[in-house]
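Order of writing sets the labels: A, B, C and D. Residues in every chain begin at 1.
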Amino acid sequence: MKEAKDKSTQPGIISEARVRVRYAETDQMGVAYHGNYFVWFEVGRSQYCNDCGFSYRELEARHGLYLIVAEAHCRYKTSAKYEDELTIRTFVKELTRRTIRFGYEIVRADGVKVATGETLHILINKENRPTSFPAPFLELLRGDSMNR
Amino acid sequence: MKEAKDKSTQPGIISEARVRVRYAETDQMGVAYHGNYFVWFEVGRSQYCNDCGFSYRELEARHGLYLIVAEAHCRYKTSAKYEDELTIRTFVKELTRRTIRFGYEIVRADGVKVATGETLHILINKENRPTSFPAPFLELLRGDSMNR
Amino acid sequence: MKEAKDKSTQPGIISEARVRVRYAETDQMGVAYHGNYFVWFEVGRSQYCNDCGFSYRELEARHGLYLIVAEAHCRYKTSAKYEDELTIRTFVKELTRRTIRFGYEIVRADGVKVATGETLHILINKENRPTSFPAPFLELLRGDSMNR
Amino acid sequence: MKEAKDKSTQPGIISEARVRVRYAETDQMGVAYHGNYFVWFEVGRSQYCNDCGFSYRELEARHGLYLIVAEAHCRYKTSAKYEDELTIRTFVKELTRRTIRFGYEIVRADGVKVATGETLHILINKENRPTSFPAPFLELLRGDSMNR
């Protein structure tokens, strides 16, 4: 995972988003329901795009491009509770012309790691066909703008 | 509510849909989170349309018509628990050319009433403008097909 | 609503919470699903308690008191879209010894009102029985600490 | 994963649960939001327990035992749409004294495979400590009752 792969890059920025566990997100075990972690990952992705200098909303609305989810994985370390403040660290693990793999770490305010995970996405166009990232987006996703 | 109103009709069919409370739908109080009742109402509406002889999916996909929600209300009587089997009774309280008001009753398998509610909808077209129900849908929503 | 009622008070503070519409919260109409507004109201309530000087989490955990929802209502004015930043204004409409009625206003970043609503809550104890707010909480909910 | 492991068994029953995609479960891409698949997996697990002859609700309520989620994974093949009828096939991939790994397959009514996934669970008691399945549950989870 750490080695460079053909046609892929391993960008270096790590984005941080914050959520506070909602009552609606708890279940009868008294902790955040495990399915919500994937929603928080998505919050992390949105923030990642914003931090890279573009909005995922614009990617869809202006360019007719969609990042569909091909795979999602989460490893749960500790439970999160109602009103816990969580930081979602999002980074890119692998970026090819047509796919992007995000990695995530969710950390509680007291520093305890709550979960790690990753999602694999494929870029498609309005005709539902896999397509390549336009060059400017590739550069932004690599976080090049941050290194300047 | 029971009297006939100008330009409105009070159709007579009552549709029944069934849901089983999911773990994801519980919260840390150990009961179904109150926000989920509005999702169950929506399950009831879908069933109501199906029972009337059309699919809401088709209304959107083929006719470009959308029933947006203008108001939603719920009165909670008893809590629902994980794995409880609930019946959602859906009926039309008021139907005008451009709006429809659904009423709901949620009942547990043991006959206890869990909640009642209602939602008011406005029909809009793809241009986001209020529009009138095409005559065939008006008739179907009135449940006329059921009385034949 | 504005007149004082017997055994009730109309506290004056207005709390503000912020949410950003998540992709998970949108539906196929391209706007935030109407059921999510009740989750946002709950985010507003949590913030209201925090702003009054106590945590609802503590009320449950330390005092064994629960604010169950007896009624919920929402009036939708304009749709909210993915990534919209919303402000939830929460205030107390009515406070009796055993019940509290919250009012809400959801406003978009551009100032447009998205929705208004209210929820009625009953305080219960661990035995599931209606109970009275301990005096200190009554005072805090009234927002008295804010006026000093 | 296919080989027998020490202290583990690979039970043979496959349970089937059915869900119909709710409007609330769609997102602005016009398909079911990927996070919901984990909720459907949970619906599959509940059904699996029921089919094996016990209720997960009872496991928690009577025995004070909880199956927490340690890992969750989903591979998305095709999108699911509003009102699609989905069958969730749930089976046990690995069962040890303290852990259980469920496998899932989600199939559309037309036979198309929508997704596959798995979740790993650890049994804990009320003190939050890992614990062993009581013997009768181990046998039920193995689906022994089905083979008689």
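Here, contacts are C-beta pairs under 8 Å (C-beta built on N, C-alpha and C of every residue); 3 or more make two chains touch, one makes a residue touch a chain.
Just so we're clear, the structure is a prediction, and the values are computed from it rather than from any experiment.
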Worksheet item: If you average the Cα atoms per chain, which one ends up farthest from subunit A?
Response: B
Worksheet item: At the interface of subunit C with subunit D, does the proportion of residue numbers present on both copies reach over half, so same, or stay under half, so different?
Response: same
Practice prompt. Look at the interfaces A-D and A-C and say which one is made up of more C-beta pairs in contact.
Written response: A-D
Discussion item. Counting only Cα atoms for the centres, state how far subunit C is from subunit D in Å.
Written reply: 35
Discussion item. Distance between subunit A and subunit D based on Cα centroids, please, to the nearest Å.
Written reply: 25
Fill in: Rounded Å distance, subunit A centre to subunit C centre (Cα mean)
30
Worksheet item: So which bits of subunit C are touching at least two other chains?
Response: 23-24, 28-29, 35, 39, 42, 82
Worksheet item: Touch graph across the chains, line, ring, star, complete or other?
Response: complete
Item to complete: Could you please specify the touching residues of subunit C with respect to subunit B in the complex?
Response: 28-29, 34-36, 38-39, 42, 60, 66, 68-76, 79
Worksheet, complete the sentence: Contacts from subunit D onto subunit C in the complex sit at residues 23-24, 26-31, 33, 35, 82
Worksheet item: For subunit D, which residues count as touching subunit B in their complex?
Response: 20, 22-24, 39, 42-43, 46, 55-57, 81-83
